[in-house]
Amino acid sequence: MAKIPGLVKGLGVTFGTMVRTITKGANTVQYPHEKEVPPIRSRGVIALHQDNCTSCMLCSRSCPDWCIYIEAHKDLAPPRREGGKVRQVNKLDRFDIDYALCMYCGICVEVCPFDALFWSPEYEYSEPNIADLLHDKSKLSEWMETVPEAPALEVGADKKKK
Amino acid sequence: MMQSLFLVVVPYWGQSLLRVLGGLVAVLLPAGTIVYLFLFKMMSFMQSRLGPMEAGPYGSLQLVAEVGKWMQKEDIVPQRADKFIFKIAPVVVLVSTFLLVVVVPFGPDAYFTNFDTGVFYALAVSSISVLGILMAGWASANKYSLLGGLRAAGQLIAYELPMVLAVMGVVIQAGTMNMQQIVVSQNSGSMFGFSGLGNPFVLTQFVGFIVFMISIQAELTQAPFDMPIAESELVSGYMTEYSGFRFLIFFIGEFATAGVFAMIASVLFLGGWGVPFAWFGWTSTDDVANWMNLVGPLIIFTKMMLVVFIIMWVRFSYPRFREDQLQRFAWKILIPVSLANIMVTAVLKVAL
Amino acid sequence: MNQLSSTTDTTPPVVVDTARQQLATEIRATLGDAVLDIYIKPGDDIWVRVRTETWREIHQKLRDTLGFNYFSFLSAIDWMPSPYGRGEDDPTEPPPVRDTTIRSGYAGGDTRMQVFARLVSSERRLGVTLKADVADNAPSIESIANVFAGANWHEREAHEMFGIGFIGHPDLRNLYLPVDFEGYPLRKDFPLLARMVKPWPGIVDVEPLPGGAASDDEASA
Amino acid sequence: MTMTSDRLGDRQKLSYIAGQAADARVNLELETEGMTLNIGPQHPATHGTLRIIARLDGEQVVWAEPSCGYMHRGYEKLTEVRTYPQVTTLVNRIDWLGSFANEVPFILAAEKLMGVEAPSRAQWIRTILFELSRIANVSLFLGDLGVQLGAITPVFLAFRDREYVLNLIESATGGRFHPNFDRIGGLKDDLPAGFIDETKAVMKKLRNFCDEIEALLFGNEIFQSRTRGIGIIPRDVALQYGLSGANLRASGVDWDLRRDQDNAMAWNKINFKVWTHPDGDSFARCWVRLQETREATLIVDQLLDGIPSGPVMAKVPKIIKVPEGEAWVSTENPLGEMGYYVVSRGDLGPFRVKIRSASFNNISITPWLLRGVYVPDIITILASLYFILGDIDR
């Protein structure tokens, strides 16, 4: 059939989009009223599981932006089994992540040998004052409940040898 | 005609006051609805989004919010600008719109003035906005606005000629320059003996209609011809240095002119305020029923909305011409086509 | 300076890269004595180190005779290890001693800084990395901007980052850095201030048990 | 299609050159003294902060030169003080639109130095994510091309359909723009459940997005008159300046690193068409990129069908010390050929990384290209060369 001049076809596309938006609704989400749920693995904020942390400082050493500050002190802890030896363990005094510097690369979560750091897809923690972006360990522990279960893997993936 | 409108004698100064209020409503009301309906809503739907939804139900008060925003913004006058010319430039552009609306008939008796040379007057006045744009471009002492202003001057003058020639076809077919008579001749005429549809000039003068629409698109500096406000090159052309209330005047000016030009287009080509007289057995204006004075404005409003829909639809779909292509298109294509259209109409007019 | 060139080829040549061997012989034939050393990593790449004064001439020859018409990039390397390390040293302990021997890479090299460029032949889809030493005291080399027009910006960047002069370059202004920037940032002895200013949070500071090294028995609850 | 385009192209070129000559004569007779115009660094038409200093004579450019450095973050200095995992997070911020595609050449170079090869499933997933980031990058170009030439609608269509691709990348890697998913020896994790069917659906959406853009923009006579015959780059000048990617293929050079180079990726296991165009003008560059986007969706479909099963990470020690040596790896990134020349001294981080980014060479041709064009054509030519500022300034 005769080639429709490009100009007219262009009008057809915009008209078609308009009809589709009116009938089937727009692709945009009206943010404050409806919220889009981010995927499970989305790196929103880092959550800290305090009792796993032995303040080995691996995360703050491998952070490229130097934004994790840890202070701890040695302490004695009751033995695991009665009659066992009294253990000497590190107690966390301060565990801050400065989200103004953090670039969400995830090296700290990955490098932590004791599974103390987890990703949670939470993203609504912006602050009017930049200093409040320094989350201390109590705030980081609050994020723990928002950490989801790891998603099932695609078919053909190697089973995790956990 | 106005004095016996409400069965009370309205002194002369009252009439002109009514006319001023009528003019304001006739210009600002269409501008407001056009901005909301087309710029906010239709553009968003064409881009698969919903557009402003927060201010008022379905974003209806968005324009009020915008006007409020612009009002409270500080309107800056650049230090090296030519102060006086800079200040009155937007007013000149807006004035040309109000002058234009004066000549548009809204009903058998509802019109501001009834010039015998209405069309000639409209075309002459429409070129005042070029002066305003040039003044804005020159006075804001900014390279981008200078370039924008010069481009606007070149473009608007180049596209006035085809507009005038396109309208000549209509004037020849209607045999008069009086807008009221043009409306009457369109609605009372008949095509091939069938008078149910009247004789809208858009059918017989289709070429003239196309050329006129393209020239309007250029006069309003809309998308395929928005070289003067080329955002990707000249930031925003002659309007770059304007802010606050002055920018608001420019903004309203832009859309009010679109509305008024659409009204003129609907008068010249789509039969203005009238429906085909054959439906009611009228033959001329004086035996048209009185309620037509109220229904007329509504009809011309809907026809104007149809024409503005086409203008905006083209505006949101097309990329921009380059400066020399724009000029070449006007001089080499539009003007010869409209001249040919005039000749054909003249020959047919004499033959029939 | 020990060299890591082809003579000490540790990995046994399990696969013989015929295309690059043949290319190596062609280069030796066309460039003659300008070639100081050729190092081939089989199936990977070929490095050619040439004498500094023949730099522009060999580019001309490679482009015209051997058909290397695609200019990929040109830059420089400063082989001196950085005296500042990663800024992650514990201020309390004495500064660690760092090895400052200058060891050059493939196809050897005698000076601290080397200019290297990469040309690719668009027909044979084979690339070659060319290297040339640059004198330590007055680092400068001929510009190849008129052989490959693309090299213009690369040389300007190498000039402002390493301080290497390019003789015959049309306009050797700074590409990125402001006009009055002193120092050559990519040289290893240029400190990265961001790491100097802020103390490293990664230093382990776990205060010992209160009351010195408490023995097991006086376990406080 | 290309035949008719040539005849139109020639007439277009002749009229453009004649127009320029006429303007030059007019400017000469009027001896209008020139005007220096700064386009940028904050300017709607530049992807980031590129500033072009143009000396105008009337509407015609006498001399134009981009002045970059506003976005210079000093990547090569930063890589000297970082370990390999830290450099991978850094490196996907160079070309921030197709960000996974930046990590791949760097990781391949490190793997080549270590003599490690990722398992085949990891290679396939890497190629899938590589093509997804290409689609995300180039689909924005197709929309942005419209805005640069004045059409408002295409950019919204581009953002709408690109959102699906970004959600896919986020569901697999966790980050929309900065995935940081690539490790030496493989990937951080495997794909989440349901990824394959979701991607197939999104690819269908992307294909009709390409058709919409072709109808809305490329078929449009105004667009063709704005881009045909403008900014013509002959074949050997393109090679001399080291242009790469669609800019090179639009000048008639049939060269695609995915097909002509055997990297440790899955491109050689599927077949795809390499699109070229003889003209070498702005229209050709945009047209080649449009076809490549459509081709990328077909590639992803083939990859999804043939993905093998198995582990995603090879046997690699936790703390990686790359042995001494030098390696150069370059891949066909969305913007062109991006390569890393990694010199390693055998400790935790690289000794020197030379980042060869595509846009640096693509934009170094503009002083030659922009001589004598009209002002609006500067924007058209820059839009068709398609650069990302982070890529130029590094």
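As written, the chain order gives the labels A, B, C and D, with residue 1 at the start of each chain.
By definition in this document, contacts are C-beta pairs under 8 Å (C-beta built on N, C-alpha and C of every residue); 3 or more make two chains touch, one makes a residue touch a chain.
Everything numeric here is computed off the predicted structure, so don't read it as measured data.
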**OP:** Starting from the Cα centroid of subunit C, hunt down the chain whose centroid lies farthest away.
**Re:** B
Original post:
Per-chain C-alpha centres versus the global one: which chain is nearest?
Top reply: D
Original post:
Would you say A-D or A-C is joined by more C-beta pairs in contact?
Top reply: A-D
Subject >> Length of the line joining the C-alpha centres of subunit A and subunit C, rounded to whole Å >> reply: 37
Original post:
Rounded to the nearest whole Å, what is the centre-to-centre distance of subunit A and subunit D, using the mean of the C-alpha atoms as each centre?
Top reply: 29
Original post:
What is the distance, in whole Å, between the centres of subunit C and subunit D, each centre taken as the mean of its C-alpha atoms?
Top reply: 26
Original post:
How many angstrom between the C-alpha centroids of subunit D and subunit B?
Top reply: 44
Subject >> Multi-chain contact sites of subunit C, meaning residues that touch two or more partners >> reply: none
Subject >> Where subunit D touches two or more other chains, by residue >> reply: 82, 153, 157, 160, 216-217, 220, 222-223
Original post:
In subunit A, which residues are in touch with two or more of the other chains?
Top reply: 7, 10, 13-14, 17, 27, 62
Original post:
Can you list every touching chain pair?
Top reply: A-B, A-C, A-D, B-D, C-D
Subject >> subunit D to subunit C touching residues, read off their complex >> reply: 68-69, 72, 74, 76-78, 80-82, 112, 236-237, 239-242, 253, 255, 260-261, 324-328, 330, 337, 339, 341, 343, 345, 349, 351-352, 354, 356, 360-361, 364-365, 368, 393
**OP:** Under the touch definition given earlier, write down the residues of subunit B that touch subunit D in their complex.
**Re:** 43, 46-49, 143, 147, 223-224, 226-227, 230-233, 235, 316-325
**OP:** Provide the residue numbers of subunit C that touch subunit D in the complex, in ascending order.
**Re:** 4, 44-45, 47, 69-73, 75, 77-78, 81-82, 85-87, 105-106, 116, 118, 122, 125, 127, 129, 148-150, 152-154, 161, 174-178, 185-186, 188, 190, 192, 195
Subject >> subunit B to subunit A touching residues, read off their complex >> reply: 42, 44-50, 53, 313-314, 316-318
Subject >> Of all residues in subunit D, those that touch subunit A in their complex >> reply: 82-83, 85-86, 89-90, 121, 153, 157, 160, 163, 167, 170-175, 178, 180, 188-196, 212, 215-224, 307-312
